[in-house]
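Structures for review follow.
You will see chain A twice below: alongside chain B first, and alongside chain C after that.
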Partner chain A sequence: MTPTSNKGVLGHFCEPADALAAAAKVRDAGWKHFDFLTPFPIHGMEEAMGQKRSWIPWVTLVLALCGILFAQGLQNYVMVFDWPMNFGGKPHAAWPSYIPITFEAMVFWAALGSALVAIVAGKIDTIPQPPPMLVKTGATVDRFVLWISATDPKWNAAEAEAFVKSLGAHGVRLVDVKEEADA
Partner chain B sequence: MTRHEASPYATVMDDSQLTGRPIVLAGAGPYGGDLEIPEPLVTGGKKWSDVDRDICMHAEQFPTKKWWIAFAVALTFLGLLVFSLIFLLYAGMGIVGINHPVGWGSFIINFVFWIGIGHAGTLISAVLFLFRQQWRTGINRAAEAMTLFAVACAGIFPVIHLGRAWFAYWLVPYPNARGPLWINFNSPLAWDIFAISTYGLVSLAFWYVGLLPDLATVRDRATHPWRKSLYNAMSFGWNGSHRAWRHYESAYMILAGLATPLVFSVHTIVSFDFATSVMPGWHTTIFPPYFVIGAIFSGFAMVITLMTFMRGYFGMKNYVTLNHMESMAKILMLTGMLVGFAYSTEFFMAWYSGSEWEGFIFKNRAFGPYSWAYAIMFTCNAIVPQIFWWKKMRRHTWVLFVVSILVNVGMWFERYVIVVTSLHRDYLPSSWGMYSLTRWDFAILLGSFGLFFTLFLLFVRFLPVVAISEVKGVMDPKVARSAPTDALPANAAVAAHQEA
Partner chain C sequence: MSHAHHNELPAAPARLSVPGIVQGLAIAFVLIGGAALGWAFAGGHAQLAWSAYLIGSFFALGLGVFGAAWLAILYLARGNWSVTMRRIPEAMTAWLLPGGVLTMAVGLGAHSLYHWSHADVVAKDALLTHKAPFLNMTMFTALVGASLLLWVVFSALLTGTSRRQDREGGIGASRTSRTLSAIFLVVFAFTISIVSFYLLLSLDAHWFSTMFAVLVFTDVVQTGTAFVAVVAGLLVMGGQLKGFLNENHLHSLGKMVFASTGFWAYIYFCQHMLIWYANLPEETVYFMKRAGNGWLPYLLILPLLKFVVPFLFLLPRDAKRQPKRLVALSLVILFAQFWELYVMVGPAMGHGAEAAHAHLPVVELAATLGFTGLFVLVFAWALVRHDAVPLKDPALAECLDYHC
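Here is the complex of A and B:
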């Protein structure tokens, strides 16, 4: 599901502050297809990478409204139209007693839906990722890995490598999985 | 203190060096004043890579003898539960203590008890997250797991309380061939179905979302290919990309925001089961806040109990420090006082309302035939936690452990007092009676602890018990970083690839 790119440049930083400073420079240099792979989220990284705020809250809003509509629809359909019953002469459309289930349904739809959409969004709304086997270990332990994909419009291998080196990244290397396999 | 000076965190090695007070750096603050920085949340001068090892270790090695002993005991009690439930279904409700006039007995007590325990997990993960309480990172994973398992235990009881448990699916509104005959949406018992199932599933989602990056960590440490692909699938191929973190963090915040009112709503709805009835002692507006605060109280007590074991037996003392325990003790004392305040308010309202029935029920609660249960409840919940006014007691492992057990005993008796005393003296003396638990009631109660601890022990065996990525985020980078290397630490796949 996630797009991957076999070509690109990798480098890593040892501290979140360094990664944050580097991210702003990569953004300002005009790179688009770059990413930071980190063991934990870094505060301020969105801005440093030039990303907009996540659109997940809108999904939550829509799903919450769906949950409210579903619960209200079900309860009113059952209690008013399908089989109205007389409980102590109270009105059929007893809206105050529909509120608890409406609230629960809202939370149910909004929470589960947002979680699911966020997981999928992390896979789809992204840039071509590095080949998994190359970065897995460091990026979930203690390295803050910078990846610039060769799919970037301004890609130039030599320039990209020199640029990442100039940021002070460690272990800078050009990645070309296909060529390595051929060699 | 500027970022580049040596961190005082590196020197705090264990609990004995923690004081629970901020570290004061004389003259380091603005305008030459003192700078107070909080004590580290992780002790032992740990590096980020140490965190992975320390926490994943338990899921990676063959379990210890202690684990097997604990698991055997838990499994025995789980067996007792299964056996009792089968016998209950075979023999019918006659084997348990409920009868006229006390028609709600240990099953309802246990249900409220377990749901209450569950509440602290969500409170720690959601409410403390929104309040930016960073100490939650050490305990939230285990507390959320505790929530799930407590809800699993709680879920059994309303179903068996139905008497004909095999018709439990009638509780769900679905088009059926009986009319369709729907459930009554005006009933708090129907609200309960929605509240508990929503709570269980949202807690599961919250827990699992929190677990994703850590499952990726376990995957990257795995050596066996099957294990690797299993954990890879479970983490949805998480690679730590910040483009994924962006949505992840947003969703996590939203889940916290939704779980916060949810946790309050669930026990509120549980209290509606009582409060919407016309029984004296139940029909009170104080019930929702009273139940919610009692739930948080009992849940934190259970977290303290479990954390004592995790600190002692799983070597988590560097991640769940005495400072964490002290924070929980403070919450326990606060909620204990709120619970005590609710007990007193109930008495005041019984008198102030001028209702004869209400007045009688409360006199009967405290001085009637069940005064012993009331005494246990009041002592354990309102008086015992007062010991935490002393800092020394808040930081004493054994005191914490014993108090946490006593609080849960007290909270079980709180539900006993609420359920039984209101029912055993009905409006008419002809409807008066006494209630006692039979051996089957006890077997099912003990058995539910078996289920709880079996699930918890499996959890500590297979999953990271501390939220690794969150703990890493609250560590001091100057201490936790590792030295730069020319290449990324290679995993097996890369090494094989490069050799080829």
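Here is the complex of A and C:
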């Protein structure tokens, strides 16, 4: 499950370029547990947030090689050892006829596997998110919402709030779910 | 995603310039090619000379027509990431007029290249007699000439519309370009087939392959994107288009090179597998010829040069973003295209007991370098004649912000 955090700071921007500039400042200020909730992917956001390159391509490569091995192994085993048959006088290990299946197995393993791994990794390898019901600022419509979670190692509520305000964000507020529930 | 309303446009670059070393190399290549062809013609090696001429002229012609095809593809697909490198394909089309004339000269060497051009051979050969209404010099000249003329006309229309946009701006020119592109791509599909049938496929007039035209198309795309990548990479390295062309644009271009490399393997293997599977003598002759007389190593090197090496080295992200790596791999692909043309043309020379034996393609390579040198000179002349970037294209802002 995606982890959530009950405490943090929310603020929003009205322009993607402002969000991009703010992300770079949050990164440079040393915050680690922050995220942007945006209606659409913003190009360059990964770099601006200081995220490392994804390791998913390596998963794709390994799965592609596994797919190749699987297809070659299966076809050679079936066509040469398990049940050899004569097709048009061609040798049993007729490599050209194995290529299409090998290609397809490679694509299938790599594509499906990468998608599944990416979905699972997206659930576990992420910073704590704000309580969903509290993001009322239009993050799915026209707002670019910055969230700094209180789980951040350098968390200090007053400092975080002042910092997000200094970025020029709108509607900055401290979030504490317990207090909200009490209120 | 636009910072356009936040940032001013980068300072508009003046016209592009081509370094003297490039022009010097191109002239040296032309001299080498001319000397090699001159030696072969003067020495009475007509078949060698004409096959080298065919390889060289087709190599350069493919680059030229790719310029037009690529402009059309990008206009139609609204590939706005490529706006700032549009001058490159535009300049490539400048070759089509001189290159078309030079390619038509292959007809002068038809007797050395095409056995269907010998009346006595055709008279004794039922299949060639049957194909004679298509395979004769009149049709060769008319159809290849008409195809090349159409390429010249459509290139002039596409680049002319772009010039109009440079002067007047506005979306109208972009719309006209899209309409022209849609028409041209249909014309291109037919004409590239005709040109590849006459110039290359008919070298072995008994053989046929339904994959041949698409294979030549793939070659044109792979080689053309590689050439654009060389130029764009050098421009980025030289800093000439700072602010207009960066590693994000190279990345997309590199993906085109990479995709066409994969597509080449797909098509070449398709042709091979269909022939291997059916196992009909009239089809397998193509690979039988290229497996005998010493040609086998040349055939086997081809997939390594054209697919395995570029595919593996272009796989990492940085290989497409770092200009040095992209340029180096694109040069490998350009050489591989020469190799493929040699494997297409060389073994088709001579028949029966006179069938050609494999040899290191020295004259062929020199001729190809010569045509490439000429191509580069014409290309460089066309590249520096106009503004470096289409500043009035409405899609420019999107291209400047492009992120890959």
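We adopt the following convention: the second predicted complex is superposed on the first by the 180 of 183 C-alpha atoms of A that agree within 3 Å, B and C clash if a C-alpha of one lies under 4 Å from a C-alpha of the other, contacts with A are read in each partner's own complex, and residues count from 1 in each chain.
To be clear about the criterion, a residue touches a chain if its C-beta (ideal position, glycine included) is under 8 Å from a C-beta of that chain, and two chains touch if they have at least 3 such contacts.
The structure presented is a predicted model; accordingly, all values stated were derived computationally and were not measured.
Undergrad: For A:Arg173, decide between first (touching chain B), second (touching chain C), both and neither.
TA: first
Undergrad: Contact-wise, after the overlay, does A:Ser97 reach chain B, chain C, both or neither (first, second, both, neither)?
TA: Once the two structures are laid over each other on A, A:Ser97 reaches both partners.
Undergrad: Check the residue A:Ser5 against both partner chains and state whether it touches chain B (first), chain C (second), both, or neither.
TA: neither
Undergrad: Mind telling me which of the two, chain B or chain C, contacts the most residues of chain A?
TA: Looking at chain A, the partner in contact with more of its residues is B.
Undergrad: Which partner does A:Ser149 contact after superposing on A: first (chain B), second (chain C), both, neither?
TA: neither
Undergrad: Contacts for A:Ala105 in the overlay, against chain B (first) and chain C (second): which applies, first, second, both or neither?
TA: First partner only, chain B.
Undergrad: Does chain B (first) or chain C (second) touch A:Met133, or do both, or does neither?
TA: In the superposed model, A:Met133 contacts chain B only, not chain C.
Undergrad: A:Pro16 contacts which: chain B (first), chain C (second), both, neither?
TA: The answer is both, since A:Pro16 touches chain B and chain C.
Undergrad: Using the touch definition from the top, say if A:Gly44 reaches chain B (first), chain C (second), both or neither.
TA: Second partner only, chain C.
Undergrad: Of the residues on chain A, which ones does chain B touch that chain C also touches?
TA: 16-17, 42, 53, 57, 90, 97, 100
Undergrad: Chain A touches which residues of chain C in the complex?
TA: Those in contact with chain A are residues 1-3, 6, 269, 272-273, 276-277, 279, 317, 401, 403.
Undergrad: Using the touch rule from the top, collect the residues of chain A that touch chain C in their complex.
TA: The touching residues are 16-17, 20, 42-44, 53, 57, 88, 90, 96-97, 99-100.
Undergrad: Provide the residue numbers of chain B that touch chain A in the complex, in ascending order.
TA: Residue positions touching the partner: 3, 47-49, 52, 173, 179-182, 184-186, 188, 190-191, 194-195, 198, 201-202, 205-206, 208-209, 212-213, 216-217, 219-220, 236-251, 254-255, 258-259, 261-262, 265, 269, 272, 469-470, 472-473, 477-478, 480-491, 493-494, 497-498, 500.
Undergrad: Inside the complex, what are the residues of chain A that reach chain B?
TA: Chain A reaches chain B through residues 2, 10, 12, 14-17, 35-42, 45-46, 49, 51, 53-54, 56-57, 60, 74-75, 78-79, 82-83, 85, 87, 90, 94, 97-98, 100-101, 103-105, 107-108, 110-112, 114-115, 117-119, 121-123, 125-127, 129-130, 132-143, 145, 170-171, 173, 180-181.
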